[in-house]
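Got some structures for you, see below.
Paired with chain B in one complex and with chain C in the other, chain A is shared by the two complexes that follow.
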Partner chain A sequence: MIEFHSVSKRYGALQVIHDISATVEKGTTIMLCGPSGSGKSTLVRTVNRLEPIQSGRITVAGRDIHAKSVDVNMLRSGIGFVFQQFNLFPHLTVVDNVMLPLRRLRGQSRRQALPTAMLMLERVGLADRAQSLPADISGGQAQRVAIARSLILKPEILILDEPTSALDPEMVGEVLKLLRELSGGGITLMCVTHEMGFAREVADRIWFLKSGRLTFDASPDLFFSQEAHPDVRGFLSSIHRNH
Partner chain B sequence: MLEILQEYGVLLLIGEYPHGKLGGLAMTLIISFVSLIATFPCAVLIALARTGKNKPLKRLASGFVHCVRAIPLLMLIFWAYFALPVVIGIPIDATYTLIIAIVIYQTAYLGEIIASGLEGLPEGQTEAAEALGLGYIPTTFRILLPQALFNVIPGIVNQLTTIIKESSLGSIIAVPELSYAMLQVNSNEVTKPLQIFGILAATYFVLCFALSQATGVLERRISNRRTGRVVVEAVA
Partner chain C sequence: MGYQLDFSKVLQGEYFDLILQGLQTTMVLFVISWVLGLILAIFLTVVRAIEFRPTQFLVAAFVEYHRNVPILIQLFVWYFGFAVVLPDVVNDYLNDIGAEIGYAIVALALNKAAYMSEDFRSGLRSIHPAQMEAARAIGLTYLGAMKWVILPQAWRLALPALLGQTLILFKGTSLAAGIGVAELSYQARYVEEQSFRIFEAYGVVTAIYMLISFAIMWASSFLSTRYRLRVK
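On to the complex of A and B.
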């Protein structure tokens, strides 16, 4: 579904992605982890061209996303993207946030879009907050609304960039529960996370990045075993020490 | 003072209307509101050019802003008054001349206020809109501008007080607004300049002070709405 071919990215002299080649199979869940500054957020942001790359090639569903014939907005509307900071639009109600893509990209009227949006809000358990403004709901709820918004156009790919990192601990659970339901439901999922227990539970593959390189790409069983890459074992034990 | 108000009150409020031209305070308010409304779309365009990615447009807009900010409004009024009719070949009413000059002048200032509103939005708003696949137009007009304009409402109201004060310069080219009416009164009653200009000053003060108080209230409401706190009405 998504293929990275020798992808590299620099900010000036700083190389943040180092010759990464990897494949994400259709319908699978990939968890990306690694120390901060390892390039995992940058890597997932290259998939919908939020980050330009300097060399290499990325294909989505077999098409080079940087090809001239690819309309960037079309590409993006087919890829759901969830940010750490939710990035809901504060001037729009919850339901208006969710139906915005239907109205502005599919040209639907408010009346046409409303049932779809409400159905999606029910799915994330927030139908009763439809008329609230983002400022009046909790962080966990806001992130669920953001996920609903990113799914409203039924994308085949969903990318989440540390979806629970900005949440209070008691709200992490509700977002992970939702992601658990999504994973394995046919959608291709890439998620940057520090929740290693969650990663182990839902991932088909776990990618470990360090200094812009994809050092280890393994099944969860292998990832958490003694045969894992030494960097991974070091990373995991440092996490355990801190908990 | 009271005699002045009794004798010239109507002239000061509405000029010679309905027997002659509308003027006085009513004209000042009309000129101010019309100027603000006409300035608004121009200022939005300048702000978009200033904060946008198109380099030539950006330079053009900032050139305009820097030029306008470096000249006094009075110069613009003179230019509009003397040069504009020559350039376009037809005489223009002094009131329109004043409005045109104020619009050009305020476009620079209001444009900067709106630009600051756009720049003050979190980067994530643009990114979220882009990630959804929204193009420039919906991102700008549905996501960024509504938020930016809402946040700078106090600045816009504040600019209205500035415009009200600036409209007094119209008296120089005989626009029949409040200051001009006062000058007329002053030439009738040559011995009472203190009272006459006292009334004039008090009128501008009441208008502008009320507006700046309103600005304060708006500012509080806006910050409450954005942070999600319930707006508590002040109980007098």
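On to the complex of A and C.
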């Protein structure tokens, strides 16, 4: 579904992505982890062209997405993207946030879009907050709304950039529960996370990045075993020390 | 002091008509300058938002001139200064049709545009860049993101300051008396000179100014609350 071919990216002299090649199979869940500054977020942001790349190639469903002929807005409408800080639009109610893509990209009227949006809100368990403003809901609820908004156009790919990192601990669970339900439901999922227990549970593959390189790409079983890359074992034990 | 207050002298007949005419002129000045000022402010905001140094500099210079020179001087520049560069024929014609009000509208509108464009700019700047990024990530074009996500927030953020400018403009129309526009405060002075009812003339005009100012303030506080943007 998504293929990275020798992808490199730099900001001036600073190389943030270093010759990464990897494949994401259709319908699978990839968890990306690694120390901060390792390039995880940058890498997932290249998939919907929020970040340009300097060399290499990224294909989605066989198409080179950085090619000039690709309509970037079309590409993005087929890829859901969820940010750490939710980024709901504060002037719109919850339901208006969720139906914005239907109305402004698919040209549907409010009336046409409303049932679809309400169904999506039910799916994330927030139908009763449809008329609330983002300022009046909790962080966990806001992130579930953001996920609903990213799914409303039925994308084949969903990308999440540290979706629980900005949440209070008691709200992490509700978002992970939702992601657990999404994973394995046919959608191709790439998620940057520090929740290692969660990664182990839902991932088909776990990618470990360090200094812009994809150091280790393994199944969860291998990832958490003694045969894992030394960097991974060092990372995991440093996390455990902090808990 | 043998001065007997008698408001009836200025609240009827010719004097009252003059005051009403003045009020009408004040409202014409206020409304037209406001509308033109707002349109020009939006234009200035757009020009300044485009990354092109020379035009950004021109807008900045325009804003600084209008914010740092007294409005009365700006009125003089148009009425006395600009007239000098026009051919006599044009000037004669303009004087025949009563050009003072036109010059006053131009000066007030330009002045308000400078302030209002700064209000819009600060509204735009206070929106987190992540909002634009999120809008683009959904698949909206740059213009679509502006239209559906950024501008609806920007005008709400700028609204309290814009409403404040509205009240300042309303009171500022009285400066047009300085170039002979027969608006409310000009008429008050005329009525006072003719009738010798000094306190009454200014008293009535003060009451009218206050009434309208309070109405603007009330509407401002209603609109500011109604459209307040709450960001967590």
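Assume the second predicted complex is superposed on the first by the 243 of 243 C-alpha atoms of A that agree within 3 Å, B and C clash if a C-alpha of one lies under 4 Å from a C-alpha of the other, contacts with A are read in each partner's own complex, and residues count from 1 in each chain.
Simple rule for what comes next: a residue touches a chain if its C-beta (ideal position, glycine included) is under 8 Å from a C-beta of that chain, and two chains touch if they have at least 3 such contacts.
Note that the structure is predicted; figures quoted are calculated from it, not measured.
Once chain A is used to superpose the two complexes, chain B occupies space that clashes with chain C. Applying the stated contact rule after C-alpha superposition, one finds that A:K177 touches neither chain B nor chain C. When the shared chain is aligned, chain B and chain C each come close enough to touch A:L50. Of the two partner chains placed by superposition, chain B and chain C are both touched by A:H91. When both complexes are overlaid on chain A, the residue A:F83 reaches chain B and chain C alike.
Shared contact residues on chain A (touching chain B in one structure, chain C in the other): 48, 50, 73-78, 81, 83, 85, 87, 89-91, 100-101, 104-105, 133, 135-136, 149-150, 153. In the complex of the two chains, the chain A residues touching chain B come out as 48, 50, 73-79, 81, 83, 85, 87-91, 100-101, 104-105, 133, 135-136, 149-150, 153. Residues 48, 50, 73-78, 81, 83, 85, 87, 89-91, 100-101, 104-105, 133-136, 149-150, 153 of chain A touch chain C in their complex. Considering their complex, residues 122, 124-125, 127-135, 138, 142-143, 146-147, 150, 225-228 of chain B touch chain A. Every residue of chain C that touches chain A in the complex is listed here, in rising order: 130-131, 133-141, 144, 148-149, 152-153, 156, 229-232.
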